[in-house]
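What follows is chain A paired twice: with chain B in the first complex and chain C in the second.
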Partner chain A sequence: MDMSLFVRYGPQILVGLKYTVVIWVIGSIFAILLGFLLGFALSFGNRSMALLLRGYVEFFRGTPLLAQLFLLYYGGPSVGITLDASTVGLLGLGLYGSAYFAEIFRAGFASIPRSQFEAAASFGIPKLAQLRYVTLPQIFVLVIPPSTNLLIVLLKDTAVLSILTVPELTFQVTGMTIETFVFIEPFVALAAVYWTLTELVAFLGRRLEVRVGRYLQP
Partner chain B sequence: MSQVSQSALILLIGAGTTLLVSLAGNALGLVIGTSICLMRLSQARFARAIAIAYVSFFRGVPLLVQLLIVFYFLPAVGLDMPPFVAAIIGLGICSAAYQAEHLRGGFLIIPRGQAEAAHALGYTPTQTRRYILIPQAMRAAAPALVNEIILIVKASSLVSVVGVADLMRVSQNIVARDLRPIIWYAAAALIYFIINVVLARIGQAVEWRLNVGHVKGTL
Partner chain C sequence: MTQIADAEAALPAEPDLIEVSHLSKWYGTHQVLKDVSFAVKPSEVVCIIGPSGSGKSTLLRCVNFLEDFQQGSVTVRGKTVDYTTWRSGEGARDMRSNINQIRREVAMVFQQFNLWPHMTVLENVAQPLVLVHGNDRRQARERALHMLEKVGLTAKADEYPIRLSGGQQQRVGIARALAVEPAAILFDEPTSSLDPELVGEVLQVMKGLAREGMTMVVVTHEMHFAAEVADRVIFLDDGAKAEEGVPSEILLNSRNERTRRFLQTWVERNSLFGENSLRSAQK
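Showing the complex of A and B:
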């Protein structure tokens, strides 16, 4: 195996890495924000709204990301939504992730005993303050482990975007293998890069878990 | 036969392929996963280290990249296999890592005393595993294992990339000819959805079945 190959394709691979990280970060932020709103509405919204949102969540959780991306990327233009591959990737990852985050936050809200709301209400604490000072701090601790897992899943799923020709890491490396006819080494190196990234996220997640859960320790 | 009904038929055949690849991959994953899990729980440090590395690697790398490696690696070592088989192997070794962890969770809730009691009663370690530990671990892990099948069905959409004519790939082919992406991709998504709903129902039935003769709230 010729190591100069990696030197020659180095800049291209770095561009890919940048795309992977940027799409993952922005897509995840989008997924967390939308997922929080969805989880909140599923927990406290009226019944018809909850039913509608349940349909949204079940669709995105019950179908493959690839099918969703194809629908948006190839089906979008025929209903007047024409987006470039990277935007579809970002949006698709965000919508997909939001359905899973919605479930995480819904479970978080469900874990708060109802009596807490009643107690807060009887103390005359406004709804918003109650959310900010009573509910969210408790939920925050609970949602960190599943959220870390989901962020890792989303990081790995950015590789799927290569199929839509988003110029991310897997796409760049696939391009490199096609040009050079060297397959195994680049893909193994690619796997090592993803492995490092996901282990890093898992490590940070565990650190954060310990950090915010400190008050629970006796 | 009209073009549309022909396409619909092709789509259904693709769905059959998806089911077949997923179930075979899942079964392979259960076999490898059980071995990995037993290695993870064994006394031998070396076996444990291998199991930990296996789980960490296959859960930490995108399935697409794993499939690409399997797809190119097998021919390079002289194993020329049809993409269909390579896809099953790829799904199997990946899902094994997840299933090993589910099973480990199942084993961990069995009280230590049971293995000791079995030893005291003269069970060999193999018998202890076969008759006492594995059945209970399977029961405890059943919900997670069924969930894993659903995840594999969705993940199997990636085998279209290595040339398997699964649901995703045939819907792409149909769209290439028919030029109505929304209809066919939505149909494909719907079929995935239906498969998953049915699997979830079967999962509930299996869970219920496994709980027969078993007091709720105990192991």
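Showing the complex of A and C:
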């Protein structure tokens, strides 16, 4: 195995890693925020709004990420939206992820038993305070396992952005293999890097789950 | 002597704390409560008994509007919520404000306890004080601790509800209700989801409250409790009030066919006329 290859391409790989992490972090935050709003509106909004948002969720869940990215990147300019590849990648990942987060949060809202709100209502606790003190603290615990799962999926899905020429990790490593005709080592290393990152996310998710979910353990 | 008697006679009749008047409720076309009226005076303990599905819990839940109804009214300490007029569209805002005020004055204890699982025992008791009654955190904490002492659960203050037995959870439920200094407490089958050996500790706490003069409306299947503690018993049958009176009258000498039949099945199940008969439970 030729390690000098990695030394020579080291700086490029680090740039790629930076792009991957930044796009994943910002895209995920965007996805979580939008997904929360969508999940909330799907749970409590009126019928016509819920129907509209349901259409949004179904589209982004039901079509490939790559197709959505192409639509945004190549179709965008024809409706006056011209964005560079990285922005499209970030935005695309966020929109795509938000559809899944919407479902995670919707399920979270649905899983809190009515009886808990009845108890709150019986004391005259207002609706907004019920949301703040009864619903949200539990939602944030309940959504941790599925959210960890989704964040791992989104992290791996950033690799798709290489097709749009976003200079992220997979793009850099692919370029390296084309230049050097060495394939095995770079792709093994690439897989190892993704795996390390996803294990880290999984570990943090489990830690958080145990920490804030103490009330669920008898 | 006569002077005292005169003074008593001169006192105005004690006003009702809770008054339910001609309450009717439908699910679709099916009428589940039929023109039910009853009143509760301060410090009274009223037990509502009746067969399963007779509408006891639904009636109780109407008193603090966890269920809505279509006709009739509920009045608590002079605040009235009249669904008959609300239905015709008048004074919706006043109604809502009255509902909120009544809920502040009438606390509830639930069959399934309905504690908030993500809060410690102490937080469960303190939360309504902070959110509704304007206590600061420290005040609420102190009062909550005091209430937990009252139900014998000081040691569990920092535990989460999931670690408590059903009986302990229900005592927390009672402490939570007591903490807001309610004018009355509604008990919705407070012992029905408890293992038999845990029923006693909850009834013990409730008896203590009754002795202290707490106004209580209790939906229950515990006939011994009704016989021993209630000032009045209401027998509900198929959504209608079939009978109302002092426990000895209803539980032992009812003239109502339905009441007698209901109590008969209960007697057979619990061999009521052994050592612990209702008669000996009578105060």
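Worth pointing out:
In this text, the second predicted complex is superposed on the first by the 213 of 218 C-alpha atoms of A that agree within 3 Å, B and C clash if a C-alpha of one lies under 4 Å from a C-alpha of the other, contacts with A are read in each partner's own complex, and residues count from 1 in each chain.
The rule is simple: a contact is a pair of C-beta atoms (placed from the backbone, for glycine too) under 8 Å apart; a residue touches a chain by one contact, two chains touch by 3 or more.
Predicted, not measured: the structure shown is a model, and the values here were computed from it.
Between chain B and chain C, the partner in contact with more residues of chain A is B. By the touch criterion defined above, A:Gln68 lies against chain B but remains apart from chain C after alignment on the C-alpha atoms of chain A.
Of the two partner chains, neither chain B nor chain C is touched by A:Ile81.
In the overlay built on the shared chain, the residue A:Thr174 is in contact with chain B alone; chain C does not reach it.
Legend: residue contacts after superposition of the two complexes on their common chain; A:Val160 is shown touching chain B, with no touch to chain C. In the superposition on chain A, contact of A:Leu33 is made with neither chain B nor chain C.
Using the contact criterion defined above for the overlaid structures, shared-chain residue A:Ile184 touches chain B, although it does not reach chain C. In the superposed model, A:Trp195 lies in contact with chain B only, and not with chain C. Residues of chain A that lie in the contact sets of both chain B and chain C are absent, per the superposition on chain A.
Per the touch definition, chain A reaches chain C in the complex via residues 115-116, 118-126, 129, 133-134, 137-138, 141, 214-218. Note for the complex: chain A touches chain B at residues 58-59, 62-68, 70-71, 74-75, 78-79, 152, 156-160, 162-163, 170, 174, 183-184, 187-188, 190-191, 194-195, 198-199, 202. Those residues of chain B that touch chain A in the shared complex are 56-57, 59-66, 68-69, 72-73, 76, 154-158, 160-161, 168, 171-172, 175, 180-182, 185-186, 188-189, 192-193, 196-197.
Residues 64, 66, 100-101, 103-104, 107-108, 110, 112, 114-119, 127-128, 131-132, 160-163, 180 of chain C touch chain A in their complex.
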